[in-house]
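As written, the chain order gives the labels A, B, C, D and E, with residue 1 at the start of each chain.
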Amino acid sequence: MTQPIVELQGVTKSFGPVEVLKGVDLVAHAGRVTALVGDNGAGKSTLIKGLAGVQPYDGGTVLFEGEPVSLHHPREASRLGIEVVYQDLALCDNLDIVQNMFLGREELALGTFDEGQMEAEAARALQTLSVRTVKSLRQKVASLSGGQRQTVAIARSVVKKAKVVILDEPTAALGVAQTAQVLELVRRLADSGVAVIIISHNLQDVFAVADDISVLYLGTMTARLEAKDTSRDDVVGYITGTKTMTEVEA
Amino acid sequence: MTQPIVELQGVTKSFGPVEVLKGVDLVAHAGRVTALVGDNGAGKSTLIKGLAGVQPYDGGTVLFEGEPVSLHHPREASRLGIEVVYQDLALCDNLDIVQNMFLGREELALGTFDEGQMEAEAARALQTLSVRTVKSLRQKVASLSGGQRQTVAIARSVVKKAKVVILDEPTAALGVAQTAQVLELVRRLADSGVAVIIISHNLQDVFAVADDISVLYLGTMTARLEAKDTSRDDVVGYITGTKTMTEVEA
Amino acid sequence: GCSSDSGSDDGSSGGSSAGSSDDGAMMAEGGRACIILPDAASSPRWENGDRPALDEAITAAGFEADIQNAQGDTAKYSTIADQMLTQGCGVMILVDYNGAAVTITENAQAQGIPVIAYDRPIAGADYYVSFDNFQVGELEGQSVVDGLEANGVDPAEAVVVYIGGDPADGNAAMFHDGAVSVMEAAGIEPAAEPAGKWDGEYSATQFEQALTDLGGKVDAVWAANDTNAAGVITVLDKNGLTVPVSGQDASVAGLQNVLLGKQAATVYKPYQLEAATAAELAVALLGGEAPEAPTSLDDGTPFFAETPILVGPEDVQQVIDDGNASYDEICTGDVLAACDEVGLQPAS
Amino acid sequence: MSTEIEQDEPALEVDADAPSLLGKGEHGGVREAVSAYLRRVRGGDMGPLPAVAGLVVLVAIFAAANPLFLTERNIANLFTQAAPLVTLGMALVFVLLLGEIDLSAGVTFGVAMGVFVKITQPGGMPWPLAVLVALGIGVAVGGTIGFFVAKIGVPSFVVSLGLFLGLQGVMLVIIGAGGTYRLIPEPIKAVQNRNLPPWAGWTMLAVVLGILLAVALTDRLRRASSGAPNAPLSIVLAKLGVVAVLGAALVFYLNQNRGTAVRTLEGVPIVVPVVLAILMVGTFVLDRTRFGRYIYAIGGNAEAARRAGVNVPLVKWSAFVVCSMLAVVAGFFFVSRVGSADASTGREIVLSGVAAAVVGGVSLFGGRGRLVHAMIGATVIAVITNGLGLLGFSAGANLAVSGGVLVLAATVDALARKRSGAIGV
Amino acid sequence: MSTEIEQDEPALEVDADAPSLLGKGEHGGVREAVSAYLRRVRGGDMGPLPAVAGLVVLVAIFAAANPLFLTERNIANLFTQAAPLVTLGMALVFVLLLGEIDLSAGVTFGVAMGVFVKITQPGGMPWPLAVLVALGIGVAVGGTIGFFVAKIGVPSFVVSLGLFLGLQGVMLVIIGAGGTYRLIPEPIKAVQNRNLPPWAGWTMLAVVLGILLAVALTDRLRRASSGAPNAPLSIVLAKLGVVAVLGAALVFYLNQNRGTAVRTLEGVPIVVPVVLAILMVGTFVLDRTRFGRYIYAIGGNAEAARRAGVNVPLVKWSAFVVCSMLAVVAGFFFVSRVGSADASTGREIVLSGVAAAVVGGVSLFGGRGRLVHAMIGATVIAVITNGLGLLGFSAGANLAVSGGVLVLAATVDALARKRSGAIGV
């Protein structure tokens, strides 16, 4: 197989006395969808926050396109082309939809904001995601429904061309149609050469979209599988710890 | 059929210019699980926030055990025996798990808190929900994972005996095992005579647990079905608005 | 009341306790003068005038001076006093700040330390050394009355605005009462007396509003000090008016305004006089004597009174000669001509 | 069912069933715009409206109590009296939006003015250079606070309180013997004490309207070119019309002779265009540049802003620098009014500055507020002082009434917001 | 796979696979407890540790600079000097925990003391009655602020600033311009100026230890009876032991004669047990009653508290009342020290009170902090004033140094928290 675009080697992370990641390896390849699954509190979000530079790892190595990189700040991840949709969404409630979608990546013209351009792009991104009920692009995100907020967060990650897109439970609050659109979006992102890492508890979604499945169990990676070679029951076994394996070559 | 425990008649709600609920009817019976489904932004959360007294309705009538009641404050709902798990969870990040679970309903002995009692009850409630990864009951909820937070919010609703339990997307962030436990909990609550209203986008879960299904579409109730008489595709049709019906007697 | 005899007893007992102490740091006790100044912002005199003057005089007599400033905070005032008493004092010179010195006086006297009330009266003090603040007010009032008469305005008819100081400050009340006593005698009724504060900007606003209310007509302003006068004068300038304005402190701006004819006069309180008297008294007390005061207050406190001086343009030279203002700072720019007119010279 | 768009970005498939949101809820002419605005207001999006309402009520009361209140002369007074507080309030908005506070803003300008007044004594530095020195002091103080707050993470309340104390010490050393120094440079004195000639007042109004029109038209062109819909031109023109009418009334009023029989006094006070310029530039920065946007974002959710790649410490630091610099400008208006600087200059004003912003509708918790809110709030406070000054209460009554009226003004705001039932979620 | 429990509540099925969380992570003896504590500290849960560290550093510096600093006499001074600020800081904690502020706390006690001192002039009211009147004034002021904040929703910054102004006006009316009244009632004077006899100091210590032990043991019994595990008794005893040793050292030290040869001065100042009682009762209320718990909940997430059925307005209102009442108590300590009250009493202290709480580790944004934090923070500030007072700087230098040291003290706290990398969420 080709060189992975992102490779984590033995990353660790503790919060005070609590060891959350105990030496985790993970790879993600361009053009493939890697699903990261695991029980609640297994450490999935912590793992990807480290990759996003939001909560730097305590130890271990991160290779990006084969080079070791430092990820101590979200800007560093952003510069490498890593885009993240966080589980807690991380939106500014006092800003509107367009402002949130372009935060940190505003379109400028003549030194000031090109609002028209941003609105047009935001409208297209939301349309892509089957958003029907939003009243206006200038609505503050504080007044959005749970699913609408999630859609805005996802749309944020596609308005900028990225090399790696990480989605932490992106469909948790989404309706049927929106979920289908997001899964389709994920597939298309991967097909266009982006490495996608998706965290989800919905194994149906995982099997629908993922190429590789990595299972995190209590802070250690207990399985690395190809989706086509495994089954739902197997994966559930790894997640709940009733099954263990020696690592496969992914 | 018996008298419904909760009955909404033509409730309406607007946020400034935006009409979110356009005269909605809903009934919930003791001992039955009523699923409330609908697209993102359909108004589900707004509907149940009205019932919880958090965001009072603008118009319409609420009957509780046949009597019209006023619901202008969460305490009024609480006094009637209505317990709610909110989609945005509504936890105090600076308090620990036990403190959050018993907020507003602390166990007192000799005029001060009976912490031992509360810890014991909290431990049992969490164990019921298959929580494995929480480090201590005295952990602040700010440091919990998404699923752990959701579990705490759900556990909150069961430490007090209620007549009506409302769950707004309770399994969105939960793992496989925890989801199963919550669905089982819902079933058992209903079996013990509680009226349960559950909001979910996961139709599989809905069909697994619900007796009645009500579909909200753009602020109007477009269908009221018995789960055993309908199918997934039908429900999807109502949700996305491609199907409409004259109301059935539930 | 405290007679000068008891002061003498206290002085000697302070000395004896120092002698009996085996702590090296306590040795200074008998020879230390502890001085608390009230604040630094209301007037520059405390830090720039009194502090060096007292320090010099007492140090020159071979004693130690511990001088601190309460910075307009009564709690801090008490803290400083505690700290001083911790280190030991042979005599205390206190400038009261909003009553903070009362308890300290009692505490000090309980330890046998005589207390000199400096510049502001303190109930129960052993001595009082001060300019007479009522007299300061009288001089201010006099300057207003004289100014009106010089302009040919009948005081009884004149439109006079009163811009006082902070009403919470006891001295402000004395300045006010002194000034009013003179002005009232001359037949002046206040045309407006807005709320006061030791604050130039606030005074400017209050005066501007009073002026508006008076339809832009004013004949004189009683301003309690130079800072307040400066705010008033700016508003007068803006309206193209020049009327007699009073003031005190002989600050640079005040003296300049006097020279320019924008301020009638400023009351000059050469604190060197005050400081010299207090220092002399303190040195005597440290040496175990109990000097007699020329007068006493109503409650019997021995009183060394100093006389304030009204400074018009011709009197500025005296302030410069005393070293309380510098010719170079005053006589610059537009003021230079006015300086030359009255023949001002740098201090020799 | 879905169409594909070819573009640079990863191919996105638009759901043709889903409507495009572009321009949704933003169409309609003047009438629609007005009714939409009214609905928004009823819906809780009040903006500075309650503060304006409070202002109108206050003005009405004072006008009834004293007929001199609405004279040209008093209105002109009001502008110059309010200018320092308005500017200080605007300065504080930059840090309040972050959820921070700067208690030292007043003494910062005190120190800057102490230095300025002292170095511009005759024979000293030329005043334009001294202005730069004063602004430099602002930068230094703001930079210090910003360093401790943004880089080290000390609460701004404590840092700025420390500087509030420390700078008073510095002030004592600077001002030293002599206590009070007269302000010498005529141009600085003129700011608060001279007026524009009548024609210049009209020119000022024309320039303001021209800028507003130019900005609006550029915006429209740009939006049109990216395919985003524009509100109807009539709305833009209507808004400008309102500004033009109010502005013209004011300029006309202030151009009346408000002097005495012997001495004319007329025209817009010089400070007015200066404050307007600060308001316009500042609003531009907050609304249309990354710096401004990031200030709002940090105030709303600092962690979200950080995750979006915003350099949070740098933005915070810069906001403190801007705040202190604008505070120094407020200081110039202040000494220009007083005509002198002493060791207590600026010590009292800062709480009023914060109150001005809050009364105008700026949130102390960050993320909500605009410069114009601070301006309106400061005007409310200035009107209270001004009006009470005309009524000539005693000090005790004056203080009691000021405090009471301040609370009432804020109550109007709070009640309006509450009645409209604006609940965040 | 699962067992069923019979109970009143809706039947719950416990997942036997899932571990019970009861007592998890809370076992172990003294050694484990210490190492767990150290890990918690490294993990960012610093509590008041940085403030204590700052305090120790400050004390070391001042002790080195002046040998008198550590004398019994100065330590006793320190207690009485710190008492008003400590109490005011504790008062403010009640509102700071809500994310609110009370700028009027100082003048509130000013007014109460003005009235108290005036009505207890010879021939006036008996002092115990007058104490009730003063506390009643606290209730009235706190109730007023609480009404505007909790019921109407006006920001507390503005309401309390309004009262800060308004009450000064009231003060002027009560006391009269320039007036000063001496404090007459001996018992009130004694609080700050007399000491407990040595035996009473030891009794006080014994009572404190007895209460702590009794509370700890009741807790253990109760926990045991509901099946919740208890920490080993050794930990409880070890903690009590530390308190006993520190307390005994202090009592012993303060019982030394610190007077002059002619006049003995010994014993714990009376104010110390009073402040301790307030600390203990207040901590009890905040930690173990609904009122206290709800204050934290509202400060953490007011909407969540509201949804949980907490009567948010009532709790907020009560917190303001408690704050003002405790402020009045601080006022008694203040006048007892100063010996008189005048129209400016309490005008300056409030910002220091807030700074004390913040330096000690109380968050201005609500939800985080304890009374003991305010106590430590206030002690830091009192030590600064006390220590600088011994060094005899000029006013300018004194102010500059105080400000600088305050910022440094806060920096220690911020750096400690930062280094430990405590990130929320």
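Quick note on the criterion: a residue touches a chain if its C-beta (ideal position, glycine included) is under 8 Å from a C-beta of that chain, and two chains touch if they have at least 3 such contacts.
Here the structure is a predicted model, which is why all the values come from computation and not from measurement.
Ranked by distance of CA centroids from chain B, the top chain is C.
The most distant chain from chain A, with centres taken as the mean of CA atoms, is C.
A straight line joining the Cα centres of chain A and chain B is 28 Å long. Distance between chain centres (mean CA atoms), chain A to chain D: 41 Å. Separating the centre of chain A from that of chain C, both taken as means of CA atoms, is a distance of 72 Å.
Residue positions 168, 171-172, 177, 303, 395-396, 398-399, 424-425 of chain E each touch two or more of the other chains. In chain B, the positions touching at least two other chains are 15, 18, 88, 131-132, 134-135, 143, 177. Residues of chain C in contact with two or more other chains: 40, 47, 167. Taken together, the chain E residues at the contact with chain C in this complex read 67-68, 71, 73-74, 77, 80-81, 84-85, 168, 171-172, 175, 177-183, 193, 260-263, 334, 337-345, 347-349, 382, 385-386, 389-390, 392-396, 398-399. Put simply, chain B touches chain E in their complex at residues 52, 54, 74-75, 78, 84, 86, 90-95, 99, 103-106, 108-117, 119-120, 122-132, 134-138, 142-143, 158-159, 161, 177, 181, 184-185, 188-189, 191-192, 194.
Chain E meets chain B in the complex at residues 5, 8-15, 17-26, 218-219, 222-228, 284, 288-290, 293, 296-297, 299-301, 303-311, 367-368, 424-425.
Chain contact summary for the complex, chain C toward chain D: residues 40-45, 47-49, 167, 192-202, 204-206, 208-210, 212-213, 215-217, 226-227, 230-231, 233-234, 237-240, 249, 251-254, 256-257, 325-326, 329, 332-336.
Across the complex, chain E is touched by residues 99, 103, 148, 152-155, 157-159, 161-173, 303, 351, 354-355, 358-359, 364-365, 394-404, 406-407, 410-411, 413-415, 417-418, 424 of chain D.
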